[in-house]
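Below is the structure I would like to discuss, written out as C-alpha cells.
Order as written gives the chain letters A, B, C and D; numbering starts at 1 within each chain.
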Amino acid sequence: MLKTSKEMILLYVFVGLFLLMSAASPSKFLTLGNLQSMATQLPELGLIALGMMVVIITGGIDLSITFTAALSGIVGALVLSSGYSAGVEGTAVIFLIIKALLATLITALICGFVNGLLISYVGVSPILVTLGTMTLFEGMSVWLTKGGAISGFPGQYQWIGNGYLGFIPVPILIFIVFAVLTLILLERTAWGRSVYMFGCNPVATFFSGINTKKVVMLVYLYAAMMAAMAAIIMTSRYNSAKVDYGSSYLLQSVAIVVLGGTDIAGGYGKVVGTVVAAGIVQVLSSGLNLIGINRFMVDVTMGVLLIAVLLLNSFISKRKQGKGVKKEPKKIGIAV
Amino acid sequence: MSQMPFLQMRNINKTFPGVRALDAVRLEILPGEVHALVGENGAGKSTLIKILAGVEQPDPGAEILIDGKPANIRQPIDANQQGIAVIYQDFSLFPNLTVAENISFGKEIGLGKRFVNWFEIKETATNALAELGVELDLNLQLERLPVAKQQLVAIARALAFNARFIIMDEPTSSLSRGEVESLFKIIGTLKEKGIAILFVSHRLQELFTIAERFTVLRDGKYIGTYLKDELNEEKLISLMVGRRIEFIKQSRSKTGPVLLEVKSLTKKGNFKDISFTLHKGEILGLTGLVGAGRTEVVQALFGLNVPDSGEIYLDGVKVNIRSPEEAMGLGIGYIPEGRQREGLVLRQSVAQNISLALLKKIRGKFGLLNAGKEKELVEEYMEALDVRPRLPNMLAMQLSGGNQQKVVLAKWLATRPKILIIDEPTNGIDVGAKAEIHKLLRQLASQGMGILMISSELPEILAVSDRVLVMRRGRLVGEFAIEEATQEKIMNRAFMGMPGRVTA
Amino acid sequence: MKQRTKSKELWIFIILVVLSVLISARSNVFLRPDNLIDLLKNNAVLGIMALGMTLVIITGGIDLSVGAAVAVLTVLIGKFMVTFGGNLLLTFLVAVAGGVIIGIINGTLIARANIPAIVVTLGSMSIINGLMLYYTNGSWINDLPAWFIDFGKITLFKFHDAGGNVVGIPIQIIIFLIMALLTWALLKYTLMGRAVYAVGGNPVSAKRVGINIERTLIFVYAYMGFLAGVAAVTHTSIMRQVDPNAFLGFELQVVAAVVVGGASLAGGNGSIIGTVLGVLFMAVLNNGLILTHIPTFWQKIIVGLIIILAVSFDVIQRKRMEKSLPRVDVEY
Amino acid sequence: MKKIIALLLSVLFMVSLLAGCGSDKSNTQSQQQQGQQQTASTKDNKYKIVVMPKLVGIPYFNASEQGAKKAGQDLGVEVIYTGPTKADAAEQVKMIEDLINQGVDAIAVAPNDPAALTPVLKKAKDKGILVVDWDTPADKSVVDLSVHQIDDKQYGEHIWDLLVQSMGTDSAEYAIITGGLSAANLNTWINYGLEYAKSKYPNLKLVTDKIPSDEKQQVAYQKALELIKAYPNLKGIIGISTPAPIGAAQAVQEKGLQDKVSVVGTGLPNDSKTYLKDGSLDVATLWEPAKLGYLTVALIKDMLDGKKPTDGQEVPNVGKIQVQSDGKTVIMGPPTDFTKDNVDQFNF
C-alpha cells in the first residue's frame, strides 16, 4: 500500500523530472551553482505553501497569506531601515536585525490573529474573512510604503537570504528547519492531531473535549508565522520590501498544496507531500528556464502536471478501493 | 396465498471482488403485506435493498419478477417506474429544498420532464400528504423540520410516484415511541391501499407488532421466510445469529452516594426546571419522546448548551460547565446519538479516534505525544471492549455500527470519567452487539461510574437502568425506581395520558 | 425568518442600502441616474460571470479558470472579427461555443475523474492563460469592425434626467439583465436547475432519486462557459479593443461577489438574487471610493474593512437569530 | 505497480515532449539566424545576451522584444528575451538566478523593483557577467551600463507640459491615473512631473492622489468616469502606463467631453489611434520600444567587444545617443509625441 501512496507517486515524479532535466541539459542543470540557486529560490514559496497546507487541512483557506507576508515584511523593513545609518556597527546591528525580525513576526501574528479571531470565534467562513483581510493587508502595505520599496538595510541582514553555511544556502536551511518543525507539530503534538481531526469532522472533535476554537486560531497564527518567515527571506534576498513581493505566490501555493496530495476539503495532508511538490515546481521552473522554454509554456506545463498527477491519484485510489472490497469486508463485515 | 406476488426474486447472487455478499437469496412480496427483512449487520440486507433500488446490479442468472413478469432494474429510475420506492435510513432528502419539492422531485424526474411546474409540484405534494393524513408547510425548507417529520416527507415522496412497494430501512431508529406508533398507523393505511412494505429493523419487538412475514438472511445466505405465528423473539434471534443469544435483564449492583445533582436547570426554548440526582454506580435512564428536551438537558451537563439558570453540583461542589473541554476536565464523558456525525471522525483510524479525548494525557516531553503510551492505551481499550477486528490503524468508517459504538465508548472510557452520558447507545446496532453494550454499561456502573442513559427504546431502559426519568415538553414528568417501572407507566407519563394529542 | 437563504439575501440588501446611504450622504453624484447606469454597465461583465459561478458554487464546486476563459474568448472573437468580419450572431456563437467547450472539459474532468473542482480549474487556468499568451504574446487586437463598435454603443429606453440630459440603458446592462433572468428561470423552472440544488444539497440522495450527477455537473460548468462567452462579447463591446491581459486575477473578484451574495462554498445554497446583490455590493463599494473623495492610499484599507464588517455582521446576526430559536416546545 | 510506472513514464514523456518542442523551436530558430546572418563567426564565439523585461506578454515589451531580436540578427549575437509572466520582482530574481547558471555573457534587465534585484545582480557580476539595466534603472552601483529610453526628469516634465498645452490653460483641475501604485518608473515620472508643476504651473490643481488602474484599460475607464463625476471642474487627466490614457479617453469620449476634458499620457500609437482621431485623447507620448530593445543589445555588444558608449555616438537604426557624465548612463533620446496627425506613420 505504502508504495502507491500519493507521496510516493510525487517522489517518483520529482525524481523523474530531476533526471529528465539533468539529461536535457547536464552541463547547466547539474551544476553546484544551479542546485544552490534552486535551493535559494524554493524556500519563499515553500514556506507559504506549508502555512497554506496547515490551513487547508482544517478545511479552510488563507487568501491573505501573501499580503500577510508583504505587510509583515514591510513593517520589519521599516524598523530595519529607520534604525540603520552608516554609523551603526557591530552588536548594535545584530540587535537591530533581531528587532526587525521580531517586528516582522509580531506583525504577521497580528494578521493571523485577526483571521483566527473572525474565523474561529466569530464563525465567518475562512474564504470570506481572508478575502477581506487580503484587501485590508494589501491596503495597509500600500499605505505604509506609498507604493514604493523600503530599502537601506545593513549588509549583515542580506546573509539570511543570500548567505551560505558551507556550500548550503541559508534559506533552504531555514526551510528545512520549518518543514521539520511543521512535521513534528502536525504528527507528534496534540495540536497537530486535533488539526487533522478537526479537518475531518469538526463536530466530533469538539464533542471530544477539544478546544477547537483554539486549535483553529493556532492554525491561522501558524500560517501567519510561515508567511513571516517567507517575508524575512524575501526582504533579505531582495534587500528591500514592497507590497507586491510574492504576490504571485497565492494561487501557486494552493497549487503546490493540492499537488502535494492535501485534500482540499480538509482532513488529509502531509508535509512530505508539500515539500516534494514544492521541489517539483522548482525543478520544473528552473529546468525549463535553463532549457530556454517560453515562460508561458512553463505555466502550461505546470497546469498539465497538476491535473495529470491528480488524475493519476484518483485512478490509483479507485483501483485501491476495488482491491479494498476484496479484503476488508471479510475482516470487518461479519464481526460482532 | 393464492394472490399473485407483487415481487419475486430468485437466485440473487452478488459478488464483490473476492467476497460473496449474497448467495442464492430469494424474496417474495405479496401486495399489501408488511414483510420484515432481518439479519445481522453484514448479513446482506443492504445489498439486497440496493439491488431492488437499482443502485447495484445482481450477478447474471438472477430472476426478478414483478407482477409475474421479468423486470429489469438497471438504475434508480427503473425501480421507481416499476413502483418500487426506498426510504433509506438517512431518508435521502434534500435539506436545502422545500418540503413540496422533496416530495415531488422523484416523480418529476421519473416523468422525464424538463421544466418545473410549481403548481403541479405543490399539488402532488398536497395529495401525497393528504393520503398520509398529515399536514406540513409545503414551502418550508426541509432542514428546518424535525427528523420525524422528515421521515413523513420521505414516505410522502414514495407515495407521490404511486409506489406499490415501499422499502423502509431502519425507519424507527430516530423516532420516539409515539412517533413509531403513528408510523405504524400510516403503514396500516398504506396496507389498505394494497401497498406492500418491506420493513428492515433491529428492533424485534416492533417487527412482531407490524410484520406478517419474516425473511431471514445470515452471512449473505437465505435462511428462510416465516409467518409471524411460526416465530417468537427468541427463535428469530437464533435464526439470525445461528446460535442462541440470551437477551436478559442485566443484574443490578448497589448504588453509592450522590455523584451529580442538578437543581432547577432552565433554558428558554430548551427545558425548564430540571432537577435530579445521579449516584455513583447507578444507571439513570432518561426517556420520553424525541423532541422532549432530553438531549438538550444532557448537553447542558456537557457544556454544549449553556443553561439560563439553575445549578449543577458535582460531588457536592457547584460547577459551571461552559465547554466540552471543561466538562471533560470535571470527569464527564458524553457519547452523542449521532455516532457518525458527532461521535466519530470516520476518515481517521480507530487508534486516533480512541486517543482523541486523551491527547492531553498522553503528552510527554516537549509537549510531544507519547506514541508508546498512546499505543498501549489504545490496545488496552480495544481489548477491553473487544473491538473487532483488533486493527488500530483501520479507518473508523470501515467498522460495523456496533464496533463503531465500541470505539466511541473506548474513547470515553479511556478518559476514566466519573460520569458517562450516553444518548441512544444501541441505535442501529444489531442484536448481538446490543447485548454486549448493555452488559458493558452494567459492568461500568458496578465499578462505580455514574451513567446517564437516554433511550427511546423502553425494553432497553428497563433492561439496563436502575432508575428511570421521563421527560415531556422540556420538563421532567416522572421518576420510577426500576422495580416499579413498566412500559405502560412510562408511556403514560411521556404522553400524560393523552396519546391521541400527539401526532407525528 | 421563514427561510435561511431568504434572510441572508435580506441582510445583504440591508447592508447594500446602508452603504448606499452612507455614500450618497457624502456625494450627490452617487444616486444620479448616469452614475448608476455607468456602475451597472461597468459591472455587467462581473455580474454575468457571477451568475454562472453561482451555479458552480451551488453544486459545491468552484471555477478558478473563468478569468482565463473569458480572456481567451475575447481574443477568439477579436481574431474572428478581424479575420472574417462576420456578424453579431456569428460572433456570439463563436464566443459561446468556445466557452461551452472549455466548460465541458472542466466539467468532465471534475465529474468523471473525480478531481476537486479547485484543482482542475487551477490547472486549466494556467493552461489556458499560458497557451493564450504564448500565441498572442499579449498584443492587443484593435480595428474591430464598425458594426461591432456600434453594437456596443446601443442604448435603449432613453429618458431625460433631472438635468435634461438624455440617458439610456446601455445594451450591456440589458444583456446582464437577460442573463440574470434566464439563469434565475433556469434555476427555478427547469428540472436541471433543481437538480443543481439537489446535487449540491445531497449528492447521494440526488443519485438515488435518479439524477444524473455527471451530466448535471458537466452542464453547470458548460453553462459557466456559455456565460463566459456572453461576458466576452459584452466586455469587448464596452472596451472596443481586446487586451489578453485584461482578466488577470478576475476569478477571485467573481468568487468574492458570489460568496458575499450568500452562496456557501459547501454547496446547496445560493441564489441569483443574492448574487446580483453581491455584485451590486462590490460595485457600489468600488464606485463610492472616488465619489466620496477617499484618498487613494486609504481606499484598499476601507474596502477590506467594509468587506470584513459586512460578512461578520451577517454571521453574528444569524447566530443570534438561531440561538433564540426554540429547540424544544417547552411547556410553561 | 507496473502500470503506475508506465503511466508515470508516459506523463514524463508528455512533459519532455512539450519541453522538447519548445527548445527545438528556439534552437532551430537561432541556428537559422546564425546561418543567415553570421556565417563567419562560429557558434562558440557568439555572445549570449539576456534581455529581461518586467514581464512578458504585454504589447510594450513585445515591441522591445522585436527590436532586441532584430539587433541580435543584425549584430550576430544570441539574444535570449525572457521574463516573468507577472510583474513580480520575486519572479524576476528567480529567473536571473537560473540564467546565471545558464552561462550567459550579459544580462540586461528592466527591474520591477530596483532594490530587489541588487543582490542577484551582484551575484551575476561576481560571476563575470556584464550587468545592464534598461527601460527602468536598477541600483547604479551594480550595473555596468544603464540604457534609458529617456531622461526620466525630462519625460515627467514633458507630460505635464503636454497637459497644459492640451488644456490650453495652466490654471485648472486635473487628475492622474497610473498603472499601479507600486510601479517604480511610473512613480518616478509622476514625482518629477509634480515637482515641476509646483514651480512652473502653480495654479494647476491635482484633485486627488494618483489613482491606480491595475494596468487595465477597463479599470482606467471606470476610474476616469468616476473622476469626471466626482470632480465636475476637472479639465485634464494624465494617464501613466500604456492602458491608462486609452481608458481615460474612452470615458471622455462616451460622455462627449472631448472639448472639456483633455487626456494626455503614455500610449502606444496602434492602441491609441482611435481615440487620438476622435479627439478624446489629445496626445500620447512614448519612445519607440523596439528602438530601445535594439539599442540595448547594440550597446551590450559593444561593451562585450570592449567599446564604451560615447556621447553623441550614432547608433545604426537608432540614432544619436546621449551619455551622461558617469560614462555608463545612456539616454536614447527625446520621446515621440503621437497626435491625430502623425499617428498613422507608426506601427507598434
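To be clear about the criterion, a residue touches a chain if its C-beta (ideal position, glycine included) is under 8 Å from a C-beta of that chain, and two chains touch if they have at least 3 such contacts.
The structure displayed is predicted, hence computed values, not measured ones.
By count of C-beta pairs in contact, B-C exceeds the other of the chain pairs C-D and B-C.
Using mean Cα coordinates as chain centres, the one most removed from chain A is B.
Averaging Cα coordinates per chain places chain A and chain C 30 Å apart.
If you average the Cα atoms of chain A and of chain B, the two centres end up 44 Å apart. Residues of chain C in contact with two or more other chains: 130, 133, 297. Shown for chain D are the residues that touch two or more other chains, namely 56-57, 85-86, 181. Pairwise chain contacts in this structure: A-B, A-C, A-D, B-C, C-D. Of all the residues in chain A, the ones that touch chain B in their complex are 184, 188-190, 193-194, 196-197, 200-201, 203-211, 267-268, 322-323, 325-336. Against chain A, in their complex, chain B makes its touches with residues 16-19, 21, 40-42, 219, 304, 323-325, 327-329, 334, 336, 341-348, 352, 355-357, 359-360, 363, 367-369, 371, 388-389, 391, 394, 398-400, 402-403, 411, 415, 430, 432-433, 436. For chain B in complex with chain C, the residues that touch the partner chain are 53, 55, 75-77, 80, 86, 88, 90-97, 101, 105-106, 108-110, 113-116, 118, 139-141, 144, 268-272, 291-293, 296, 472-475.
The residues of chain A lying in touch with chain C in their complex are 63, 118, 122-125, 127-129, 131-140, 142-143, 146, 251, 254-255, 258, 264-265, 294, 296-300, 302-304, 306-307, 310-311, 314-315, 318.
Within the complex formed with chain A, the residues of chain D that make contact are 1, 4-5, 7-9, 11-12, 14-16, 18-19, 22-23, 26, 56-57, 80, 82-91, 93-95, 97-103, 112-120, 123, 180-184, 187.
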